[in-house]
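Mind looking over this structure? Questions follow.
To keep things simple, chains are lettered A, B, C and D as they appear, and every chain counts its residues starting from 1.
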Amino acid sequence: MTLTPDQTAEIDAARAAESRTLRPVSPGMEARLYTAHPVLDHGFVRVIDYMGDDSAIVQAARVSYGRGTKKVSDDAGLIAYLMRHWHSTPFEMCEVKFHVKLPIFVARQWIRHRTANVNEISARYSILDREFYIPAPENLAAQSASNRQGRGEALEGDEAQRVLDWLRDDATRAYDHYEAMLGQEGQQGLARELARMNLPANVYTQWYWKCDLHNLFHFLRLRADPHAQFEIRVYAEAMAEITADWVPLAYAAFEDYRMGGAQLSAKGVKVLKRRLRGEVVSQEDSGMSKGEWREFEGVWG
Amino acid sequence: MTLTPDQTAEIDAARAAESRTLRPVSPGMEARLYTAHPVLDHGFVRVIDYMGDDSAIVQAARVSYGRGTKKVSDDAGLIAYLMRHWHSTPFEMCEVKFHVKLPIFVARQWIRHRTANVNEISARYSILDREFYIPAPENLAAQSASNRQGRGEALEGDEAQRVLDWLRDDATRAYDHYEAMLGQEGQQGLARELARMNLPANVYTQWYWKCDLHNLFHFLRLRADPHAQFEIRVYAEAMAEITADWVPLAYAAFEDYRMGGAQLSAKGVKVLKRRLRGEVVSQEDSGMSKGEWREFEGVWG
Amino acid sequence: MTLTPDQTAEIDAARAAESRTLRPVSPGMEARLYTAHPVLDHGFVRVIDYMGDDSAIVQAARVSYGRGTKKVSDDAGLIAYLMRHWHSTPFEMCEVKFHVKLPIFVARQWIRHRTANVNEISARYSILDREFYIPAPENLAAQSASNRQGRGEALEGDEAQRVLDWLRDDATRAYDHYEAMLGQEGQQGLARELARMNLPANVYTQWYWKCDLHNLFHFLRLRADPHAQFEIRVYAEAMAEITADWVPLAYAAFEDYRMGGAQLSAKGVKVLKRRLRGEVVSQEDSGMSKGEWREFEGVWG
Amino acid sequence: MTLTPDQTAEIDAARAAESRTLRPVSPGMEARLYTAHPVLDHGFVRVIDYMGDDSAIVQAARVSYGRGTKKVSDDAGLIAYLMRHWHSTPFEMCEVKFHVKLPIFVARQWIRHRTANVNEISARYSILDREFYIPAPENLAAQSASNRQGRGEALEGDEAQRVLDWLRDDATRAYDHYEAMLGQEGQQGLARELARMNLPANVYTQWYWKCDLHNLFHFLRLRADPHAQFEIRVYAEAMAEITADWVPLAYAAFEDYRMGGAQLSAKGVKVLKRRLRGEVVSQEDSGMSKGEWREFEGVWG
């Protein structure tokens, strides 16, 4: 992560300016506010603002006049019930705003979550910084042999070196030319909105990204999942830690019912019931395709 | 507006509990928080929570590291520019949550705004209160003679009295039977989810309604408009006043470019340009339909 | 279901007017088009238009130049894979438009699904028909003793009769007064937008409702579920049958992975694994709350 | 535009397969179906499917039982009325699905329109084609001197040549290395999801993009506007022509009330009224900022 002294000073100033409010406050989130949590080689995630806490979920579910909290144990039980029964609207009553610095190819996956509000820096208007994502050696993974959209072990030796050199050299040259196209010393220069097309997909961009808690959980479920690409998963993991500090009861329910749970098809339910009765069931006998059976065995052995 | 002593006490307690926060604070909104602003005979609007202020709009537009504010005059200029050019995403970075008590027929119009988050009290689960909207005499309007979906002058005399009696008597009888259906003294009673169907559309419901500032402005433009039905317009007007206190710069831009502005068709632009050159233009000569011409003259004479 | 001779004639005319098209056609849906499928005592569901079929899902997943279909068995496998892995976007590529006649209290639940497009008849502009939902005797259910938002057995004898009389009489009287308020013989009459507030929540309304297949499946999963209120479930069931005719492969995958499947929490996975190893697990020992345990036993015994 | 013989054959096959349908048919759109309309040097727009026509808008506005059309002139009048009064829901009742080939930097702007359904080819799964956007000489525009996000005249001479050489050379080298990283002859190769990060933002991607007519008009208003970047505007213009063939009445209303119209602020209305009374108004006297005044004069002289 690279912050200029000015940026660091702005963040420090924001953390120093305390105010009084009548709104609900999440102590875990106040401790996180504004600080840049490093992700990848130059990226970060920062919380810019938030609305609500665990009790706001309870309060909305009850359409309360007051804070609506009785005992923490009651709140935990109600929140677990809401999560288990897919009552999503009370979770929509909390909101969070992040400032994220991330490579463009990660941003292109991320933006597919359409239920968020986004302000991205405009490369039509501004000049992007000279910062590219170059994978650490242990993340320079080979194509998976079994999964067309997965990755295997890290490349090694000459091949790893060659790939790293290409990534670095091509990005550097592309950025040099991007800068040169923009014009120097009295030259008019190519329009910014055109020059940016020379930049590779590993250049960093930045945005403000705002989302309600229900949709944040949906994002985390898909992107903090082991099948998500490593480069977006590390962002999701950083955000998951922040969320656990923000709304600890809701996050615990999310972990139990979403992240740690399992989904069974009608065929899967039947197979498990037969197994519970002591039957041995084979793929041929399960009604499942080979692919589905493999995934089923991955969970149930 | 009818609040029980318990509800009043809960609101007072919420207004008494001040905390410290690092988040941006809107003084105008802090003064509004939790208080129930009366609307119609039994309804209200209360702010439950908010996120962001005028400077949050500027900050998002600039994807800033710090608060992003320089001078108020700069902020006002940027906010006006964003509003004029329909750059809606920075306004989406502010969020507000209301608690509203409103008649069901108003709720049915309101819910058509799909970009909000809503938690409504469930009449499957709870028993609704004995409260109906009965129009004040001056709002007991006759059908408009010219506009199939508008209203004219207030009814008077016997007709007014007869209508008011029907509204009151039918609502009272419907509620009496609703209560009776729910069962008493050892009777099992009809399921709540069925009994509610006997209640008329002027019975009050309640919800938490959360929305970003861009979509709130869209709601206000349609519902605080003179063509909106009076019974929803009064809610929109109460919310508009609150919004003016919350984000004064954004609200001023909204008033200038949306509420107070005018929209011209290509034909309208041509007619105005001819008029500016001194021509007298008639409807026949304008290319407009009679209806459009009438609306055009309503603004431009 | 009540259709006027004019309405029947319009539907017949629409079914008689065949055209030629280059678009994909679903034979199962063509057989359904326009016909009113009766639901409840006066309601119906009709398909007005549709876009796409099973092969459109495959085609979108592959971003194909042509129809993209190879063998039906390949398509079925890919569609099952997409459903299993929550790849929702290909299912969004099919669209359907229904015309629905339904009681207002059902419409109020239904409209909470925000991802659809809706045009409802306006009671500000039009006069609603004299049609109310009155439950059949076997659906006049008592409040559930165990579930605050559920229903139990049907009411019987005097209580049933009394409830039915109230529902019928109150609706009739409310409609009589609604009509009378609207004015007769030279009277101006109350504005329609006001008079409608006298009508009860079991009066029928109508709308056009358009939705993509992914969101339709989401609607069906929640509303064709045994926990949904009977009066909306019958609509969902009628739509589910239509959907099965429209996209048979996608519907089969939906039944397998959504309707017939089961969801397990992290705790539920652990309990099942212990049981599969032959352990006997009690609620106290499961980490689950009593409510969750009851639901878990409901599926797994 | 570059289509392989296989792709051309698939398109021809799709255009040759006519079916019978009971659905409404738009003759103008049938003539367009499947054909690739070239945009930029390698891109295209193709209609893959559509739902509805002008009469579907009328039918939805009336919640009709039949086609709802009376006379074309009535339909035109109603459609114009709906457009003028921002009654957007009837326009949402038409739907269209495009297949688009476009540079990534254009896709990044386009995807910000969140109300569409999108399936993009996955560069985690597939290998992208060796095709980049290189501007034609007349579109190799310099940075605007007056507008930080605009462009001026085309670059000329040596500077133009140097820029074109950089764009071509850097893209070619990046693609060569992308291919080489993916591994050859027995090498495992870098994971596709990583290798793609070496590709520049002018490489072409493809997607299926589906949208309702209301949101398509919104897209066209912003992207077919003279202030939109040329490289996305040419796509919007191609889609606008297709839309004019699909729903001619709705498109005519869109041109009149949106594309060709003008928006006035409250200040703008006041200034025009003073001018109509013969007053001469200056910027200082208008209440407008310099920027707003310049834009105002751009329309009104």
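The working rule: a contact is a pair of C-beta atoms (placed from the backbone, for glycine too) under 8 Å apart; a residue touches a chain by one contact, two chains touch by 3 or more.
Please read all numbers here as calculations on a predicted model, not as lab measurements.
Student: Turning chain A onto chain D with a C-alpha fit: angle in degrees, nearest 5?
Tutor: The two chains, chain A and chain D, differ by a rotation of 180 degrees.
Student: Where chain B and chain C touch, do the two copies share over half of their residue numbers, giving same, or under half, giving different?
Tutor: Both copies, chain B as well as chain C, present the same residues to each other, with over half of the numbers appearing on both sides.
Student: Mind checking the centre-to-centre distance between chain B and chain C? Centres are C-alpha means, answer in whole Å.
Tutor: About 29 Å, centre to centre.
Student: Please report how many Å separate the Cα centroid of chain B from that of chain D, as a whole number.
Tutor: 33
Student: Hey, what residues on chain C touch two or more of the other chains?
Tutor: 118, in rising order.
Student: Which of the residues in chain C end up touching chain A in this complex?
Tutor: The contact residues of chain C facing chain A are 77, 80-81, 84, 86, 222, 255-257, 259-269, 272-273, 275-276, 289, 291-292, 295, 299-300.
Student: Which stretch or stretches of chain C touch chain D in the complex?
Tutor: That would be residues 3, 6-7, 9-11, 13-15, 17-25, 30, 33-34, 48-52, 56, 59-61, 63-67, 89-90, 92-93, 95, 97, 99, 117-121, 206-208, 210, 212 of chain C.
Student: Of all residues in chain D, which touch chain A in the complex?
Tutor: 103-105, 107-108, 111-112, 114-115, 118, 122, 124-125, 133, 135, 140-145, 148-152, 155, 159, 163, 166-167, 170-171, 173-174, 177, 180-183, 187-194, 196-202, 229
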